[in-house]
Amino acid sequence: MKTVLKMGASAALCLGVLAHPAFAEDNIVKIGVVAAESGSFVSAGHTLPAGVGLAVKQINDAGGINVGGKNYKLEMVKRDDRTDIATAIAATQELVRDVKVQAIFGSETHDFTLAMAKITQPAKIIHFAGNSTLAKILTPDSVKPGGEDHYLFQSEPQEFQRSGSTARGVLTLLEPLLGYKPKKSVMIVGNDATGQFLSSYYFKALKAEGQDVPDIIFYPPDTTDFSPFLTRAKSLNPDIIHFWYNGDSTLTALPQALELGAAKSYFLFGVDPGIWKEKQLSADVPVAMSCVPVCWGESSNPKAKAYFDAYFAAGAPHGVTSSVSLLYHDYVHFLAEAWEKAGSFDPDKTVEALLTLHHQGVVSDDLTFNPTHQVTHATEVCAAAPGGAISCSMQQPPAEAPKS
Amino acid sequence: MDIFIQQILNGLSIASVITLIAIGVTLIFGLTGIINFAHGEFLMIGGIVTWLAVSAGLGFPLAVVLAILAVGLMGYILERGLFRFTLERPTNGFIVSLGLIVVLQHVVVLFWNPNQKSIPRPLTTVWEVGGVRIASVRVMVIAITIAVVALSFRMITASRYGRALRASVEDRDTAALMGIPVRRYITGVFVLGSALAGLGGALLIALFPITPFTGGTMVMKGFAVALIGGLGNIYGAVAAGLILGIVEGFSAGYGFSQWTDAYSFALMILVLIVRPHGLFGGTSGPRMAS
Amino acid sequence: MSPILAINGLSKQFGGVTALAGVDLAIEEGEILGVVGPNGSGKTTLFNVVTGVHRPSGGTVLFRGQDITGLKPHAISRAGIGYTFQQAMAFAGLGVLENVRIAGEHVGTDSTANPWPTPQALLDFVGLSAVANEKAGVLPFGSLRLLGLALALATRPSLLLLDEPAAGLNDRETTALVGLVRQLPGHGISVCVIDHDMKLMQMLCRRLAVLDFGSKISDGPTEAVLADPKVLEVYLGGDL
Amino acid sequence: MTEGLHQDRAGCGLKALRSLLPVLVILALIALVPLFSPSNRFLSLAISAGINVIALYGLSVLFGQTGILSMGHAALVGVGAYAAAILARDFGVGFWAALPAAALASAAFAMIVGIPSLRVGGHHFVIMTFAFGQLLAIVLTNGGDYTGAATGLDLAGPVTLFGADMSDLTRYYLMVVAFVTTAAVASWAIINSSYGRTLRAIRENEKLAASLGINVGRHKIGAFVVSGIFAGISGVLLAYFLGHISPSQFSSFPSIYLALMVMIGGARLIEGPLAGGILVAFLPEVLNLDPVQSRIVYGVCLIAVIMLLPDGLIGGVVRALRAALSGKPKPETQQRNATPSEARR
């Protein structure tokens, strides 16, 4: 019985090989995606493959890419990490060693990316991740050739830049709606990996803008009743309460804040005007919102509307984090351009090309990576007046990190 | 000063939802010995039923009644179908409830996706008294909890049914010998505890959005309160619920906010070591009829 | 010759209730002593205090001159006192042979010579070798009692306390049990039987101690005690 | 109860050895898998499942033998993992030296948790271990830089065995299989020793055990500490394999997940933990089953196992096979009273 099986299998293989050359000139370049399409982090997980998938489709529709004189079509190979680190590791091992992808995008969960990098980097696979928390491992000597993160790229601005531009945007947009210059801010942040990391930068950014920030209030990640935290914030009678970073928790906390009249205005990080409109949210005080990197409900970025129309048309769900897809979409195009410029898929030549190119993306017309493989671009902040009118503007990041 | 009163009010509304769960736990665990760790999921399903009813256009009061009936019925089916066979070995009942946690959570995820679900607030008026904001919906939750506590307290202690129930806890065999239909009472208590969880779920979704996984964190606090108060002791559950609600409210408000969840666990461990039968004395589950 | 067990002024109160009121009792080496009394006379409390289940409120318990008052049950067993329970108990889920092997693996250092070196020998002695591989849980009640005895003997005690050993046994089983217990002094094991079954006591014990409301009202040769008017009046309410 | 059958006839060593054979055969087959050049995804999932199985052997000693159900076992694995990470970061202690140290750390933590919890006893014990598990996760999250706070800790150190770099999956896989075999043999040794018999006595009837000279309290703590040793070693392997650990990996649901695995596999069988690990942790991922549906199946399967097959799925299958082979059906009633854990009053 066994031998028969063996014969059948090998026959099929030969046929496969024979069939293959018929499409010789359209070789396939595989791009891997690891994201949480189930489990607790699912809200961020759906956006990543949708963003990459749209870029791959656009590139293939335009005839694919021409590398070293040969034409290639891209193929996205996506894996669900189920918000479980062991599954993320297994998916990465498969993509790197079995499927042999040329590049990997993901994941949205900070500590999964760190574990995945330990597999992609030794295998010289270009790895893009939209976690500003990668700053911890992207140091000058870790990214130099031969370093342990030479092929790792952070497709989200450095945290001091994102926080700086966000803080500046929130304050400038809320001032006209408040009718006076806000002076005191209180931050309410989820007590998890991302929350702890981001809040230290945003706190410094607010201080750099001259804000008095008497308290950062950390709440346990799965909190539903925010009233004690909000009352504590109210006791400091702040001009603005800044909610960081999880959209779902923020939307749970806002009605309770309005009920308590905790502050004169609010800032909801990671809540898109699109969600604000869709859920018909309203507030009797000004509310600022920011999107990473560009908003889909309302945007001052001309290309954003076209992108999101195509993005949602492709079937992606309207989510709190739909804009996160842009942290990956632009960089598929960027990578394709780098391959064409390098004229080969050799990882080192590709990294060189990525570091020298100025790519025209949706988020900005001049996307470049700095020497430590981190991108720099503006962040969009919007503000909703009590009446409901929403205005947005792109905020340029500060040149370098604030002192102290 | 108004901040202090505001924090007490916040503590009260947290305490009332936790107390509702704790009463259900203390009744079921204390009086029937069934360790139903899936009690949090009963609460969540109460919320989901309310959400389904409200989004189907029903009014909130009707939705709450539906939630109570639905979860009470679920309690009946599960007690008759599963827990009835584990009375002699409570640890098996506990393991069955672990399986139920996984099943109930993921059945809800399967049918109604894992995202947050919320309903428009049934009462939206917010009174302002001297700087203290009092939300009518929270007052409603506190009022309903007080009413339910009074009702079940009277029923368990004062009525004939209550006395028979407590007798069946002391010694199941003797109670049966005295003609008390012990089996029927255990089912009755389980259904009552489940209905309370259904009500708790309905009130919870009236206050905040819930997800299929909300039950998990809530049940631990419910068990902590039930154990701190003393199993089977409703008075204990209410007192411990208040203590924990206020402690959590003040820890979030004044103390180290990131440690808020730690207090209920630390308090429970401390109390169980010092007084295994809880602060106000309760049973340690019925004597095994071995 | 000093007694193997000397109980002096042993008392025990549960809340307001006095279960034992200063009992003095001695068990001589190689003797089978009977401790009798109506229900509620303090027999079981005496058993529970001596075996360490309850701590005494007062008085001392000396075993071979060593003070074992208030020791935990497992320490009492290691000291050399074996005992069986009113309700026959065994490790239901485990095999009969394994039950006995376990009982023999926690013997204290100062236990006397072992009349039954292997578990099989002990099973032969009590007559359970046929069911060695059966689960203890499936044994009939009579065999369960015999297994309980075997377990206690496996701890190589020099004193064996039996709490109502024949409860629930039919005449044939009781006679067999009596036959076994009678042989124990021959194997260097003194015995103290606590029961209210006078017929059994007469068969087994040459000396009786009678408890009533927590104090000892009579102690002496069986025939004398049974003729003692105090015992008759309190215990039997009329002639024997 | 099949496991009991092994012991009953295991009068002398030979019979006891025969009870180990099936597991050794299965593990030998598992060790041959790399010859069929499996995909790296298969190897990676197998390694994660294998690391879980090592912890499960600790749980089978605690729950299977002693009847103590702990909902804090993942926390003990976490202590081992964090000990390995902190030792590597602060003292440069490598993988092999971290193993005994982490096992000791988990064992110590198990004692710290065990002593107060066992004092309480009864059903409260389970809830106490649950509370300790949650507390550990909160402490690690708020532990600042020392515990890496919510982000967790990185583990850069490579694993080398006699000079060979173990980052190659096949080598790591074989090492994990070796560890699983050691865990199985250790667990078998415990089951068939006088220590194992003492634990089973405590499981069956604490009062009687005490009357036969067994210090029940000390042995319960001992069983808890032993389960900690298995968990600590599993933690080290996990930390070095994943390269990054964070508090959420060791909070309450992972503990429920481990308990679920050991019960479905059969806590009292030597094959139980291995079967539980394969059935619950490995197969659904490899077969790419939908996670939501596979979890519903576990839940239902666990309930069915507890109600119908007190010795777990494999126990049931093995017993059915044995009954079929020996031609006399096992009396169902006999199995009824030998359920995983008798609540003692």
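Per-chain residue numbering starts at 1, and chain names A, B, C and D are given in the order in which the chains are listed.
Note that a residue touches a chain if its C-beta (ideal position, glycine included) is under 8 Å from a C-beta of that chain, and two chains touch if they have at least 3 such contacts.
Fair warning: this is a prediction, and the values are worked out from it, not measured in the lab.
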Shortest walk length in steps over touching chains, chain A through to chain C: 2
Both-way neighbours, i.e. chains that touch chain D and touch chain B: A
Of all other chains, the one whose Cα centre sits farthest from chain B: C
Highest C-beta pair count, chain pair: B-D
Distance from the mean Cα position of chain B to that of chain A, given in whole angstrom: 40
Chain B and chain C: spacing of chain centres that average the CA atoms, whole Å: 49
Chain centre separation in whole Å, for chain D relative to chain C (CA means): 42
Where chain A and chain D are represented by their mean Cα positions, the distance between them in whole Å: 38
Two or more partner chains touched - positions in chain B: 258, 261
Per-residue overlap in chain C, given as positions that touch at least 2 other chains: none
Chain D residues counted as touching two or more neighbouring chains: 138, 141-142, 292, 342
Interchain contacts (touch definition) - all pairs: A-B, A-D, B-D, C-D
Footprint of chain D on chain C - complex, ascending: 51, 72-74, 77-78, 83, 85, 89-95, 97-98, 101-103, 105-108, 133, 135, 137-138, 151-152, 154-155
Touch list for chain D against partner chain A, complex: 39-41, 43-45, 48, 138, 141-142, 149-152, 154, 167, 169, 241-244, 246, 249, 285, 291-292
Chain C-facing residues of chain D, complex: 1, 4, 7-9, 11, 194, 197-198, 200-201, 203-205, 207-216, 334, 337-338, 342
Chain B residues touching chain A - in the complex, by the definition given at the top: 3, 6-7, 10-11, 13-14, 114-116, 118, 121, 126, 128, 133, 135, 204, 207-211, 213-214, 217, 248-254, 257-258, 260-261
Residues of chain B touching chain D in the complex: 29, 33, 35, 82, 85-86, 89-92, 94-96, 98-103, 105-107, 109-110, 216, 220, 223-224, 227, 256, 258-259, 261-262, 265-266, 268-269, 272-273, 276, 284-285, 287-288, 290
